[in-house]
């Protein structure tokens, strides 16, 4: 197998496509958001990307194995806009793998006509969230100003440690290819899988790209998570339970 | 030395060969099973595979050194079936090594006419086993249904973390080459070297491939292990001794 | 992206240029010193170096992202001397990356006419410093003797563990290319970001290369650090507070 | 710099040369022995080997830097025998580096006419040694029997974990090139730098290769080490002090 290997599953014709990435990360915000688009909208698997920098692993579903990979879907977001949604279960296992995979994803995107990239993810706040702000980063001030109008917050020193992994490199390597890219990061406690944060991120994306998606399934998952939190708080002695009790749930 | 290096020891003529892999892993189930086939049946060493991704190490037996390698044996499983048995003392030391070694093993297998692959291993249950079920995973539903008839269990969410290492990649990379592959995983506590689990796996393999092997030496090893467990339980205060006491034995 | 990638930002004409490196390290001495030169003197960004051996990361400033890189500035140190100042936020993430990046930096330097290299850094003493000595290492006895005249101390067994990272390799790989190189290491406690140590290193460099730079901004930062130390000592119970209290500040 | 880089310092004419390797390891036995040969006999530095798999580091001696490397000396062991002694301060930093460096060392040795290899090292016993046995491993039974006559002990299950690092690979890769190789391992506590163990190893080597070297400087170092042990035992309460007290000295 090659270090990075693109498998063509289908050859879609796309209208004004935009790449939307959601791989595993803080609160699984990006992955939840990307999977929600694939599930709720008309979508078709078009590419699989394999790599020796993914874990040496197959997943098993109902006894049938699948080699570690990332999936790229063509997703219809209305008559004038298609999305190319990138998701999967893995980040790369090492630094050169992150760079090489991101380059491969950008190759796939450019090959399918993509001229703009959105990386979705979460930014940990360390406390339970009341209002789900979406924090942004972009490859240029023009891109930044465009997103500010959609309610994205751009803050002087956030995210403090920069953006690590494939989301970050989509901006870094995107810029070097003159592909404008932005990262939309939903605030999230960092302790829980966070469907509400994913919804907040998708609402911004809807606004920026002009499409609509139904959120009822994400809202159901959010209610399930809240039920989990309530039960833990009761076990720990009611509403006095601290954030600390919630660490590592999900 | 090349990154992956195949040494031809003999050029066998094989009848309808099947690759059977058993490298070190949980309970040493796969390795015990593969070595049992090599020891009990007519077998001939045909290939050694060396790699810079194996540990930088020689083993020493009676003062004579052997470079870290994996061994491939031609094993007669009756007049109408030969096995190609892959075993050894090492897994790869890094992710790209796992991918490259598995590709190399599949090259060897295809070169010798193999059209089907069985990876043998153990699946840890965390408790002592009464009845040794064999859990399976396969590259296709056809392969899965064939094994279900032989008593292999295919469970919705097992193994939970997928299959890691060369066993997993034999399925993942096998499928990408259109070589049907299955993993047979004997349930095992995970605390002990488990000859009984190895026997359970081999009994399934016998059934599927139509051959017979004598199990008396594996049964002897199983009795030795049980004796060890009994002694520890006595030291710990009789049958009340918990699984915890057995952790890391073997 | 290539493993090591040089981006040409400007093509300067340099007079008798000397490479001055200051990347992150003990007490941030080298980085503080290099950045001070870029900020206080006439300077122009001339090269960026990207690498898959840098962290897979973008930094974000005011919402705009920048891919991990090292920057090379042309800095005027008077009419008869230009400096080529190398700085940035990252060391390489692995050994081969350190070697490859240092080779790349030396390629950039030689391409721009550099014939002498200074690596700036700190040497940890484990205690608060009264008088900031500068310890040196050089590729040759000639280079060493030249620096001894400028007050640099060369000690038999220091630094005890040698010099690790890009500073060390600028000497090691510089020597192999016949480019004379020296490392100037300001003594520093190792617990604090140390502007005074950076100033001590720059004073030596001024003396050796014959240029002048204003130190008032470094002196301000030094006073801020001293204020921090004083407050910690008060919290800990006055001047009796030990070095131990200061560990990991900065 | 290339991944592995041989620098030719001198072109010796050698008589029936044998490679003798002594790099850092258990009790520094191999390195002490190799350096003793270089210091006590007529010797000339003939090759330096650099590698991106060595630590990214220079050592500093009296202010002058030296890039991490391994050194190969031509050493006269009498009129009819020359030794090629390989020593240095570093092992490789990763597995592929160990394989690549060992191949490079064997290239150097074969290029200079070497037809037999001795790797020197220590084998840890976990307790203070009274009589310094030398344990062996070899690429063939012929080589093994030859060394048995010189008093080397070959034991069924020793060393238990095989031989790791460049010493081990000199046997493993030597055998694959048809260069007979043996490893001579002096028993040593594993807690101390052990000049006595180095002497025991060299006495075997003298016997096998027919040369003589003066041991007075090694004996002096051994006495110094014994003095250190005595002082620690006194501090700890006399001769009752256990092996445990000596762990990690040296």
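Read from first to last, the chains carry the letters A, B, C and D; within each, the first residue is number 1.
In this text, contacts are C-beta pairs under 8 Å (C-beta built on N, C-alpha and C of every residue); 3 or more make two chains touch, one makes a residue touch a chain.
A quick note: this is a predicted structure, and the numbers were derived from the prediction, not measured.
Trainee: Based on CA centres, what chain would you say lies at the far end from chain D?
Mentor: A
Trainee: How many angstrom lie between the CA centroids of chain A and chain D, rounded to a whole number?
Mentor: Distance between chain centres: 54 Å.
Trainee: Taking each chain's centre as the mean position of its Cα atoms, how many Å separate chain B from chain D?
Mentor: Distance between chain centres: 38 Å.
Trainee: Hunt down the residues of chain D that sit against at least two other chains at once, touch-wise.
Mentor: none
Trainee: Based on which chains are in contact, what kind of graph results: line, ring, star, complete or other?
Mentor: Shape of the chain contacts: a ring, since each chain touches exactly two and the loop closes.
Trainee: Check the chains against each other and report every pair that touches.
Mentor: Listed in label order, the chain pairs in contact are A-B, A-C, B-D, C-D.
Trainee: Touching residues of chain C toward chain A in the complex: what are they?
Mentor: Per the touch definition, chain C meets chain A at residues 1, 3, 50, 52-68, 93-94.
Trainee: With touch defined as at the start, can you tell me which chain B residues reach chain A in the complex?
Mentor: Touch residues, chain B against chain A: 92, 95-96, 98-100, 102-103, 136-141, 144, 154-156, 158-159, 162-166, 168-169, 171-173, 175-176, 183.
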